[in-house]
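In order of appearance the chains are A, B, C and D, and numbering begins at 1 in each one.
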Amino acid sequence: MAEPSKFTPELNTAELTDFVKEVFPQAKSLQWSIRKISNGSITVVMNIDEKHLRPGGTISGPTMFALADVSAYLVILAHIGKVALAVTTSLNINFLAKPPLANLVAECRLIKLGKRLAVCEVHINSVENNQLVAQATATYSIPPRN
Amino acid sequence: MAEPSKFTPELNTAELTDFVKEVFPQAKSLQWSIRKISNGSITVVMNIDEKHLRPGGTISGPTMFALADVSAYLVILAHIGKVALAVTTSLNINFLAKPPLANLVAECRLIKLGKRLAVCEVHINSVENNQLVAQATATYSIPPRN
Amino acid sequence: MAEPSKFTPELNTAELTDFVKEVFPQAKSLQWSIRKISNGSITVVMNIDEKHLRPGGTISGPTMFALADVSAYLVILAHIGKVALAVTTSLNINFLAKPPLANLVAECRLIKLGKRLAVCEVHINSVENNQLVAQATATYSIPPRN
Amino acid sequence: MAEPSKFTPELNTAELTDFVKEVFPQAKSLQWSIRKISNGSITVVMNIDEKHLRPGGTISGPTMFALADVSAYLVILAHIGKVALAVTTSLNINFLAKPPLANLVAECRLIKLGKRLAVCEVHINSVENNQLVAQATATYSIPPRN
């Protein structure tokens, strides 16, 4: 599963961050930052604090869902450019282990970038123990491009 | 798909609400309330306000995910009793239409209640236009019962 | 979850069966037949025999997948007319109980019929004990219509 | 997503092939063979012929589902040993490109191997053009082990 990607980014980290902050100001509350953009993939870090806590000292499912979803949005925009209107059509998430209350890192990889649909795989790891805590597959509908 | 349910609730609305508020105090922030518990199903209302907003005047995906997830948790507890430790193992959600900024109603139905796994289907409608805006299937792992 | 459907069929059982046999001759090997077409839904029966058997006297997962997939194809064509090129983009299936070696009945319901995507829910029951044995959600990409 | 695997196989290719042929004789009809077992992953080849054909000269969805499902079964058995009764509880598959009528190769990787559940990611490529044609996530329930 480590075949070289056929996808090439159109935006760098600064361009992508600025664009998303402009078109999607609420995304700020997720406290994400882009660590790296590569061919066909992106690494996104999410700062975790008390408000993400769930019983048992772990991080809530909706928090991990939100990270998977924003990572997919970011990797798609990174590769199609400044198109605000990509929307999630479906997301399948598997919770694999209970994460400790520590920052999360999402590795998100494009597995399809079609004219109408993009599909991404997301792996979410805890920075504390480097354990894979969740895996997701997200499908986005992308508007017609010129 | 309207076959009679073989599942019988063990908790009523007040018992379930009190138990969840006790074991899972953070759930309050989701602003949900139980409208009805029936054999094998539950109806949960989520109050929507500005903080759930997404560009285009619609409700965010993570908000709908959180509603689907909490509804599944509630319908399972309603039928197995006061067991705090049920955890989501996977959730598949399809976003079908952009909801207006209005309260959401989740109809959540048990389709399997096994010794180790429970599976639920969730339909989320907008109260404004009664439109189906999202559909989800959630799997929970349930701890051994006596 | 029993709200009245807003979808109206364009083909009846005979028209749909004839069209699918013509454009998709291999589908015959699945041994399906349409029992009923309603507003937004379809009932499809699959004849089960020894070749669908799996260890333990049960029916194989790929058999149930195939039934879910063909039912989704059929309900979509029933509602959009003679368009051969609808293709599955994703299918999520939950296996809920081991079916005995008896015929299967799929109840398949459209939950979205957009310009580009259709989404269906499928419930598969065994005719022997009327038990729900599998549940699926299928997404199809549909070609541009006039 | 290329972190080293923490999983170690318990069976080699010959042991696993013999065991599956013994406990699951119908699996032969899928025409699969194991190319390689590694830490936490397996490579499975499926011979494709006319009976897998679908309109448009492509391979049917149920064929790719069956390959994903058997690959997940194989990678789990390879790592837990001779336990016949692992069963699929859910499978989510995304069809990414239409495969030409040529053999398929599944790369299947364990992402969780718990006491009760195992989760795998599967990538299916066509040998003809080395294109990723489908991606799946499968969850298996595994019986209690000693």
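As a working rule, a residue touches a chain if its C-beta (ideal position, glycine included) is under 8 Å from a C-beta of that chain, and two chains touch if they have at least 3 such contacts.
None of these values were measured; they are calculated from a predicted model.
Ranked by distance of CA centroids from chain B, the top chain is D. Should one ask which of A-D and A-C has more C-beta pairs in contact, the pair is A-D. Computed centre separation for the pair chain A/chain B is 24 angstrom, with centres defined by C-alpha atoms. For the pair chain A and chain C, the distance between C-alpha centroids works out to 33 Å. If each chain is reduced to the centroid of its CA atoms, chain A and chain D end up 27 Å from each other.
The multi-chain contact residues of chain A, meaning those touching 2 or more other chains, are 89-90, 92, 94, 139.
Residue ranges of chain D in contact with chain A, taken from their complex: 1-3, 41, 92, 94, 96-97, 107, 109, 111-112, 119, 121, 123, 125, 130, 132, 135, 137, 139.
Residues of chain C touching chain D in their complex: 23-24, 26, 53-56, 60-62, 65-66, 69, 84-85, 87-95, 98. Chain A makes touch with chain C in their complex at residues 89-90, 92, 116-117, 139, 141.
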